[in-house]
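Consider the two complexes below, in which chain A is the common component and chain B and chain C are the respective partners.
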Partner chain A sequence: MYDIKALYEAESIPDAVRLLQEHPEAQIIAGGSDVLVQIREGKRAGAELVSIYGIDEMRGVCLDGEGAIRIGSLTSFSHIAASPVIREHIPVLGEAVSLVGGPQIRNIGTIGGNTCNGVTSADSASTLFAWDAEVELTGPEGIRRIPIREFYIRAGKVDLKPAELQTAILIPKKAYEGYHGNYIKYAMREAMDIANLGCSVNVSLTGDKKTIRDVRIAYGVAGPIPMRAETAEKTARGREVNPETVKAFARAVLEDIHPRDSWRAAKAFREHIAVEMAKRALTTSITLAGGEIRE
Partner chain B sequence: MNKQYKLVRCTINGKERETMVDVRASLTDMLRNDFRLTSVKKGCEVGECGACNVLINGECFNSCIYLAAWADGKEILTLEGLEGPNGEISDIQQAFIDEAAVQCGFCTPGAIMSAVEILNEGRELSDEEIRIRMSGHLCRCTGYENIFRAVKKTMLKRLAAASGNRQGE
Partner chain C sequence: MYAGKSVKRVDALDKVTGRTRYTDDLCDRSAYIARILHSTIANGRVVSIDTSEAEKVPGVVKILTCFDLKEKHYFPTAGHPWSTDPAHQDVADRLVLTERVRFYGDDIAAVVAEDEVAAAQALRLIHVEYEEYPFVLDVQKAMEDGAPLLHEEYPNNILKHTQIRNGDYEKAIQEPGLIRVEGWYETPVVQHCHIENFICYAEMEGDRIHVVSSTQIPHIVRRIVGQALGIEWGRVRVVKPYIGGGFGNKQDILYEPLCAWLCMQIGGHLVKLDVPREETFVCNRTRHSIRNHIISWVRPDGTYAARKLESFSDQGAYASHGHSICAKGAGAFPQLYPCDNVEVDAYTVFTNKPVAGAMRGYGIPQAMWAVESHTEDVAAAIGADPLEFRRRNLMPVGYKDDFSKNENYSDSFNQCLDKAMKAIDYERKVKEYEHQTGDVRRGIGMAVFWYNTAVWPISLESSSCRMVLNQDGSFQLQIGETEIGQGADTAFAQMAADVVGVPMEKVHVVSCQDTDVTPFGTSAYASRQTYVAGFSIRQTGLLLKERILDYAHLLTRMPVFNLDIEDGNIVRTTDGRKLMTLAELATEALYSLTDSRHITAESTYQIKSNAYSFGCTIAEVEVDIPMCKARLLNVVNCHDAGKLINPALAEAQVHGGMSMGIGFGLTEKLIFDEKTGRPLNNNLLDYKLSTFLDHPRLMAEFVENPEPTSAFGTKSLGEPPACSVAPAIRNAIFHATGVAVNNAPADAHNLFRAFTEAGLIHDER
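For the complex of A and B:
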């Protein structure tokens, strides 16, 4: 038995908003792979829960009217990885979420839960940051949409107003069209482990594949929340595709990231692998985009 | 606090069942206590070890971190559901025995249910894919290699049988 004070099951999005209004103390439970474990650990023991797990309208991936990739917040990691839309337009997101936990966790874990925890190590988050994803929030006042970078406020804290829930994650067409990306997770084990560092890079090359039209890079675990390395992006944007550009880009990430010492890894080590990951992820992204890095 | 209950109707191992669950119960609690399906093991109870793994609508879930209340309307398969009409064990269970993929047996039902999810796909997975798909199980005894062999062998056998059937048609 879980130490739960009460469980309210929402049947629809408006129902969830109403339940959250009626029970202001209640916490939202989606797939529960974090919430239930925290209850077990005693951290959230005695909580009132509003379960949104049964809201099927929040599942699935599609292209909306404007061509944006729309991922329902309750879509499981395994369904994201298997989605034809994801595979065609942003395969790196499928690859990133395939590195979360183990297979059973990927069946229960949801992208909404992963991002609403506000945890820096979430495997989905750095890729969503790197692709300028937007978050759709539904609450008593209706629906609002904000960039995922504004959604994360600080470690463990996201911009969810009272009685609001995250209903979808969107990747606008201009944010994915023409981009190719790569995600690297550095962890001690290959499965069931949390990242020491995660790095997601994507590029858009010019028509002749010789110049970096745009490049974006985001890290998980390099700071208290996932973050973009903007100095690195500026360094490489508009530059020729060659080894010097890749090197300069990778070195520049140290201007932006602030990893910390923890029992998982030392700061100096994290900085070292951050540079190496940036280099490798950019190299792979360029190759995927059809570019060639000649020595 | 007042106890809160919910009537859960679901299909378990092919049979329609219903039970009144305490909303605080996990699906592991429900399957073990209400239905005596004791193949569903309590290992870590925090979703790390896979001992409590069952299929829900054809996908693997650690039932220890799945609320019993969510089982309403679902189709659940546990190891007991693999039993044949005359009490026979299934090919994948036999393969676990033949390959010595079982020692203490605590992880076995969970691991077999992950194997069932793989086998139900009816396609050939690479060794790497099998390893990834079986990676949500901790086994303190066998060292995993025998489990891997049992899954692979059964997959190949079934695929060979399926293509044999097709040729015979």
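For the complex of A and C:
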């Protein structure tokens, strides 16, 4: 039995906006895999809820007119992993969301919910950061699109204006074309776990596969919100594909990240793992891109 | 014959179709909901509780606090048989609600409401004022002079200290040329994590209290509810339906007394107390964290000259099963690797932590973590092969323990090791993994375990059974020993069918125990049930058969000694002729106008024996050193549990125990905030119970040496599978990396520390 004051079910995006305007205190609920847990814990007990779960127009993955990958915010993790568009253009996102919780959570949990929670450990978020994703927000003023890096404000807080909801996540064509990536989730067990650290890397190599044309790396749990490690990116961009580059790149992440010291994991431990993850994720990304790291 | 065959579980169909009804399914929807308010300090006293705001919540029926407890009936909680000798009774240190708080999570008040939401809202609105005392979380710090004292009656917080002195340790260590090996080995606080949280409900019928509980031990619950309420035990009726696991947590009285007391405070209305998972972790029972210190003096030829064990067991805040757990491990120490000169000191110590009680293995997983880690260290120190070193020093065939009278009848250890080695291809792998370098390395390690069966001669061992013949020749079997998911009912039906001589489907096991109806028994613990129930089932089955054949004589005029029951028929043994079916006999017996009889049998068997039950684990790991991860690649357990009644169920039992051992070795630990004593990870996300994906295929092997003391040749298998897995994993990691992880679990945090200390990983800067 959940302590819910009222539940309003939206039938369409405009209907959701209207309901949110009518009930300014209401909390949006999609799959409920986080919201219901919080209600049970007492954190949101007695909440009014606007359910957007029935808005089918917010589901599905496709390529839009400009070639961007458009993921409806209500698309479940299982559907993202199974999507032919994701598998062809950005398989790493499918791999990343397949590491969320267990099968039941991946069936009910949505990518919109995963990002709107504003938590640093979200398995989809570091990959979306690493691929320069944008979020589409729909509200009373209409639709706006912002980079996901601007969407996250602080731990637990995202840039959702009153009566606004996230309706899609987009990955522009220039952000994915020619890139290959890898995501490593570091957790204490192989399933049903939250990341102690998540690392998503992708690279674009030059035609001869000998030089890193571009590289992007993002972390979850290396700070209060998902983050890019820009020093590391700069360190490796334009450099030759070789072990020294990989090592320098990995070491440079320590300039960017600031993981917490907590009972979940010590800072020194997280830093050590972060470097190792960067090394491995870059190595795998280079291999996927057709490059070879020769000693 | 059914014993020895992998027949289908008697409850399989109901369980796979979801038809089985558990406590919550049985509770009427009119029940009021009880929730407990737990202390938010680790040590101190409740000064006042303000419930005025909470009482205004619509749907709140009553709020009761520790100050409402007018009659203080202190009660023990351990699910032990009662002792009529006061010196051997369990420590009675609990009240249903307490003013004196001894751990973060102690029970200080309760809300009774019409539904869960009202109860939860009211809980959040209760304001408590405390007088705080300093607290202590570390077992050895708790023993220091001046440490915060939990119970006045126990100076230095020592609940009990026991000693073993064999030979002359001090003299023995003077022998020239000895190699001294010393180590500290510690296991963490872990929890059972049965799927069904503890739940019970209570209502009054007349002046009696009726409690339905998810428990392993209904007859013991009845006694303790009586003690806790200060009422005659006959006024208490306890019913135990199917339960979703217990693993020893439910071998303790948890909240049955509180639920019954709340029910009586509100006029006997039905009250349900369904404990949330977060509270199950903290406010039920845990496994004792035990810190063991071992010193061994070894001769260069690989024999022991002298050994010493100091064992510090963290009891948490209340006595529960108390020293029995630590004492069991300490008692195993001189037996597993016999040595002429042994000193053991075992301490059970109160700390301001959740209460530790029984958990699968009852002290032996902790002891084996220490002993088998140390055995590996000793072998390494003297340059011996760990397998040969064990073979040389393990308890020999013919070893007899004077206290329990247990005897090692068979060469179980060597047979189990041989079989496990073959299953996992040990010889090849141990060579292949020598001299590895690089970031990712593999290793293979082993551990053996000591276990026994049942609790004789420490406590009462008895089992009572009743069989009631039906008109169709089938019969009900009632017994005090409980089905807790392990398949006990199936094993009982197999044994009963064999003894009486009927097809198994003619045995209707009454799974539910009802203390008003079920014969007395102390139920599921100590891996005792198949062993002890075997005696009473055999005795009662023979009694039933005697009565049936007596009536068969009346109907057939044939002498009883020429009659038998085979496959549900009365058979003349001299020529094998089937004289009548048991159904024909049973119908005639009940409805006969000349000699009507209701054929039943009931008897109690007091068991005055116990049995060793030994085995081993071999584990193979892959260690990713930079990532601080050990992954289990293969694992095998081999057990000598005597003759198996149901091999498929035995295998399932071993799988479950191995799974617990994997979590114990690699990921599980309950942790506490040093500043407040607050538990930090009391939920199934942050407490890292291992999942299917953390398990390789679990291999279960058996050696079947029939146990000569047993009614069916069987002995314990419930707890043994959890005893040796963790140290085998630890030894495999040691084999792979040369790094000894002495504090369980070998999780990423501990491996990071250990690998850093060993210089295997470096600061990247």
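As a working rule, the second predicted complex is superposed on the first by the 295 of 295 C-alpha atoms of A that agree within 3 Å, B and C clash if a C-alpha of one lies under 4 Å from a C-alpha of the other, contacts with A are read in each partner's own complex, and residues count from 1 in each chain.
Criterion: contacts are C-beta pairs under 8 Å (C-beta built on N, C-alpha and C of every residue); 3 or more make two chains touch, one makes a residue touch a chain.
Note that the structure is a prediction, hence the values are computed from the model and not measured.
Of the two partner chains placed by the overlay, only chain B lies in contact with A:104; chain C stays clear of it.
Judged by the touch definition given at the top, the superposed model places A:82 against neither chain B nor chain C.
Applying the stated contact rule after C-alpha superposition, one finds that A:251 touches chain C and leaves chain B untouched.
In the superposition on chain A, contact of A:269 is made with chain C only, not with chain B.
In the overlay built on the shared chain, the residue A:3 is in contact with chain B and with chain C. When the two complexes are overlaid on their common chain A, residue A:51 makes contact with chain B while staying clear of chain C.
Of the two partner chains placed by the overlay, neither chain B nor chain C lies in contact with A:143.
Chain A uses residues 1-3, 102, 190-192 to touch chain B in one structure and chain C in the other.
Of all residues in chain A, those touching chain B in their complex are 1-7, 9, 29, 32-33, 36-37, 40-41, 51, 53-54, 78, 101-105, 107-108, 190-192. Every residue of chain C that touches chain A in the complex is listed here, in rising order: 115-117, 120-121, 124, 626-628, 667, 671, 673, 680-681, 684-686, 688, 690-694, 747-749, 752, 761, 763-765. Here chain A touches chain C in the complex through residues 1-3, 42, 45-46, 102, 186, 188-194, 196, 250-251, 254, 263-266, 268-269, 271-273, 275-276, going by the rule given at the top.
Within the complex formed with chain A, the residues of chain B that make contact are 1, 4, 6, 22-26, 29, 45-48, 50, 53, 59-62, 65-67, 69-70, 114, 132-137.
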